[in-house]
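Reviewing the structure listed below.
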Amino acid sequence: MKEVAIIGGTGYGAIELIRLLGSHEYMHINKIISHSRYGERLAMFYPHLTEFYDDPMEELDIDRLKEEVDIIFFATPAGVAKDIVPKFCDSSVQCIDLSGDLRLQSRKVYETWYEKEAAPQATLDNAIYGLPEMYKEKIRNAKVISNPGCFPTSALLGLIPAIEHQIISPHSIIIDGKTGVSGAGGKATTMTHYSETNENVKPYKIGAHQHIPEIEQYLSAIATEEIKTTFTTHLIPMTRGLICTMYATLEKRVTTKEVIHLYQSYYEAHPFVRVREEGSFPTTKEVCGSNFCDIGIHVNERTNQIIIASVIDNLVKGASGQAIQNANLMNGWDEDHGLQNIPIYP
Amino acid sequence: MKEVAIIGGTGYGAIELIRLLGSHEYMHINKIISHSRYGERLAMFYPHLTEFYDDPMEELDIDRLKEEVDIIFFATPAGVAKDIVPKFCDSSVQCIDLSGDLRLQSRKVYETWYEKEAAPQATLDNAIYGLPEMYKEKIRNAKVISNPGCFPTSALLGLIPAIEHQIISPHSIIIDGKTGVSGAGGKATTMTHYSETNENVKPYKIGAHQHIPEIEQYLSAIATEEIKTTFTTHLIPMTRGLICTMYATLEKRVTTKEVIHLYQSYYEAHPFVRVREEGSFPTTKEVCGSNFCDIGIHVNERTNQIIIASVIDNLVKGASGQAIQNANLMNGWDEDHGLQNIPIYP
Amino acid sequence: MKEVAIIGGTGYGAIELIRLLGSHEYMHINKIISHSRYGERLAMFYPHLTEFYDDPMEELDIDRLKEEVDIIFFATPAGVAKDIVPKFCDSSVQCIDLSGDLRLQSRKVYETWYEKEAAPQATLDNAIYGLPEMYKEKIRNAKVISNPGCFPTSALLGLIPAIEHQIISPHSIIIDGKTGVSGAGGKATTMTHYSETNENVKPYKIGAHQHIPEIEQYLSAIATEEIKTTFTTHLIPMTRGLICTMYATLEKRVTTKEVIHLYQSYYEAHPFVRVREEGSFPTTKEVCGSNFCDIGIHVNERTNQIIIASVIDNLVKGASGQAIQNANLMNGWDEDHGLQNIPIYP
Amino acid sequence: MKEVAIIGGTGYGAIELIRLLGSHEYMHINKIISHSRYGERLAMFYPHLTEFYDDPMEELDIDRLKEEVDIIFFATPAGVAKDIVPKFCDSSVQCIDLSGDLRLQSRKVYETWYEKEAAPQATLDNAIYGLPEMYKEKIRNAKVISNPGCFPTSALLGLIPAIEHQIISPHSIIIDGKTGVSGAGGKATTMTHYSETNENVKPYKIGAHQHIPEIEQYLSAIATEEIKTTFTTHLIPMTRGLICTMYATLEKRVTTKEVIHLYQSYYEAHPFVRVREEGSFPTTKEVCGSNFCDIGIHVNERTNQIIIASVIDNLVKGASGQAIQNANLMNGWDEDHGLQNIPIYP
């Protein structure tokens, strides 16, 4: 049994880690750390956790963490993990950062898009991007994981096989993202106010979303050339769920059936990616509460375009579930341990 | 390992049984029976089940069921189980009926409220009402279970201790029920049409809901006198979740704290009922996806009334979760086996 | 044409006044006053108002208001109008306060429930409670109106005829209120956060809602004796709409049809109250965007109780629409002028 | 005063026409015609209309219509108007068809996408496409109007100026459409079932939506060459509102500010199109209940793409409001008569 700490105890990332770890047999939550609420019981803020985690939250104490835990999940806002992760580089503690702090290899690019100081270059160089469908072997040997963003997870899983197999022009990609409100976190803002968000679709951060450089960095890695992409995001009146609808110009003459077959083969060894048969497109609810990414594909012969839709639960495969998947790989456990639950439907 | 059949394969009750049985170690879904869709794969209608249950649904065949399964869950509309359950009375098959067919002891009362022919009296007499917090011992020895309705589960759990301890006048009870739309099932009707239901609260079946006689029958059993109650239902723009807000005249001078303490003691041995501390009321989301019933209590001294709110997930504790809880008890397994998951929040 | 000022320009009450005054022929919005945002254009916060109101918001200036406007609507939080309204007592300006500041005749009761200092007694004595269906004549001659709360409007309209005609025992009344989130205003809080509120029913302020003394004060006025009532409130995942489901013990042997007939007669001269035929209950969406209050009634002979449901749009009949209705009466215009629009459905 | 008939009385198009005509001074609803429900009162199905339209619905009678009405709105499903409109060609009755029957100039194309027999070619040739921002003069002189589809209205208004001014390559256009559920009409189906649609984004009719040829026909007319376009549609968990997010390759070096300025000039004489300032994107709620189309624009220099978002209320500018706008033009009334209401917000 490995001992686990979660830093950032009152956010949705942490709450979802607690939920999912509730059925994990090899990880035990040793402590939950909250900068703003230490000393208080989590169930005061989240009564649904009554009886599940009853110890008070704790203050951050690096030395105690080094002694008492094996794995740390950072469920913190941008700008926190970058200062803390480096302090564990001389220990055997595994760090999994759910924030964006370690995702961009260039400090300058981070600072442009996040408007914060970047992590030390050495920390960035050490961190492995925790998208298991792309970097499974590296993750197995990693000590520091940069857990992917929700939109990049959905977008990359939908695009990797087509780019690798040169079916599409990587320079022609357009990604239209739509997300539930929980992606914005638990903090009350006008953006997340019920009366403003309900019965509404809101385009936001058009041309400025911090997931753009993350997507481009890994699209470029796959294509082995520098890729720019057009990516937009829309806030949808739902709590959980995220879909990227993606468009690209075909480079080869292929049928929908052929592309689906290629995707199904590509993801055969990956337990969490499910590719739909021709004529069927996934909906966000069909992965709710689960670590699945479901993908639908249509080759539009009239316009020589491919349309790919990729859905995830933004809090599971888009955050906490993927973090556990990474922890499983890093520790030699079954990749899907604790993550085998059926989506909750309806 | 016990072999299980689910009858009524395409409804939400069945879908939720499949989800919950996914983490049950002692029950295995042997067959799913659908009158209207046999021969077809369930994942055609519910793609989120892809890879979880891949056999085609089957036609009803009593003899094969007697040979091949140990437990049958009836997730059927009213009027189906009453004809099928009696056919298993000469076998060892355990029957758990999620419909209302076996809940009312009087055939006449059933026929008045359900407007259908009732089950044979012998079948009604044999069926045990599967509310474990009320009839745990009887359930352990039962072969036929009548699984409670969603509203009665919530209402009875909120009222039993107060009636048993004669804190309230059982003749003064008013129950204001509010439910998510999934309680109406998966069939498309004007009542469940999104555009009609969204941004709307709809009172429905006022004075005519078939859960009224069920609630009264068991309130009467607890009070050991005949009780009538005023019960209304409201359709709420959400998918899952149900709350009964209940009002009754106090018969004793008690404080909120005293009543809460009494309830907490009363439910100490019952793993799925959680009673909130003074000043805290439960919300439906706080039990979502779980088998919990959370209860909040306020003694209103100004009016000599008690206010009790009781929340459940209508598809779990209000249907499929409770059915599994009953199966656990009938088979000597831990009462909460397969039902220990943390609510999904937010 | 009367000149109008709205104080509290960035709240939902103000926004709804602007929408409704858009089709009023005798009132012209002369200025919008905002304490926190004066100097800024309203359309920066509410882009849907672009081209409708383009002047910058102004700071509060009592003397200019006396000179330049005829009517002031106070769409301010509790505790603001009580200090400003008295300053207009030596002028001819009509004041209509949408907040709770002037609703309770007893300063002590106000201070207990609102936890703020009350308005001067003379101001309270001068203010007329602006429920036209109860006090139409007094409103016609009023200079200061205390516009009713949203729940009290719905509850009182549902109960007045039954109490006046001594059909029910006024001491037995139970009111179960359910409201959309816009009733909590535009401020971002955990209570109004989308992810917390969506797919959720939340009981709140149980036993402590500031509308309790308001409802009791006017129920007592109708019954001509002191009435206490049990009133609860629930937050519903919708933006607009409010329903009170009410229960009371019958004092007379009456049928549903008879009570409906009595209500229809009672409200014949009141253009905004519509009473449903037997068997039909109103839903909140059926009054959305309009100034209607729709009422459904069921006599429950089994329990000797009456069930009354009363729905309004909390921002219209529960706030801004009723304020305009009051202004119409105070100025001798048609009671329904500018308020004749058909509900927006679906 | 012109006398009006609405055919298709029980659908959402008709209900919205009734709401909007409620404040129109020159049109009077003379009769509502329903094939399935004639003889019944509309308020039985839509109680919110009580007191607004009390006559029973009528059966279709061509001769009486010719005698008694001046304008007919067809709020009928596809395949109805095509048979009825030709019968009025020898009369002076103005026909406005809200269905897709008259929108495609080629009978063959209609039959391919709608899978129904097309209208007679002469009828198609006579019908003017009722997008006033494109064909205002033709509409003024038209007798038969083909009212545009909801997605085409939003898409075309967002694209026309950029194509006309050759800012974008018309062959590079990608349109990602997102719509509320009311666009699917009032009929109860699995697609519109609350429990399936809530908390869900559903891509649908990918590559097969009947609005594709309509959009392409008018894009081609603007570009004066044959244009094909990639268009997808997503069902969003909200009742009203529609947004098209559109992407195209820039043909010229322009800034966001320049394009916005061009759009603002282009739409200066069109009362219902509002173009946002730089940095602001419209949301669907900001046009709710109104006839506005709000447009946001961003030039993405990194990728040489333009991003245009165009929002409408699908039942107003996307259907009934635009139909009234067309009727206004055909009869020489102010283009915005009866349509000047402020959006309902929140």
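Labels for the chains are A, B, C and D, by order of writing; each one numbers its residues from 1.
Here is the rule we use: a residue touches a chain if its C-beta (ideal position, glycine included) is under 8 Å from a C-beta of that chain, and two chains touch if they have at least 3 such contacts.
This structure is a prediction, so every number in the text was calculated from the model and none was measured.
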What shortest step count links chain A and chain C in the network of chain contacts?
-> 1
Per Cα centroids, the chain farthest from chain A = C
Equivalent-chain rotation between chain D and chain B, CA atoms, steps of 5 degrees | 180
Name whichever of B-C and C-D has more C-beta pairs touching across its two chains.
-> B-C
CA centroid of chain B to CA centroid of chain D, Å | 46
Please report how many Å separate the Cα centroid of chain C from that of chain D, as a whole number.
-> 36
Distance between chain centroids, defined by C-alpha means - chain B, chain C (Å) | 39
Multi-partner residues in chain C (2 or more other chains touched) are 12, 180, 182, 186, 195-196, 198-199, 237-240, 282, 285, 346
In the complex formed with chain D, which residues of chain C make contact?
-> 12, 15, 18-19, 22-23, 46-52, 182, 186, 198-199, 239-240, 274, 276, 280, 282, 285-287, 289-290, 294, 340-346
Would you mind writing out the residues of chain A in touch with chain C in their complex?
-> 12, 180-182, 184, 186, 188-190, 192-199, 237-239
Of chain A, residues touching chain D in the complex | 174, 176, 178, 180, 195-196, 198-204, 206-207, 228-230, 232, 234, 236-241, 243, 245, 247, 281-285, 288, 296, 298, 300, 302-303, 305, 307, 309, 311, 346
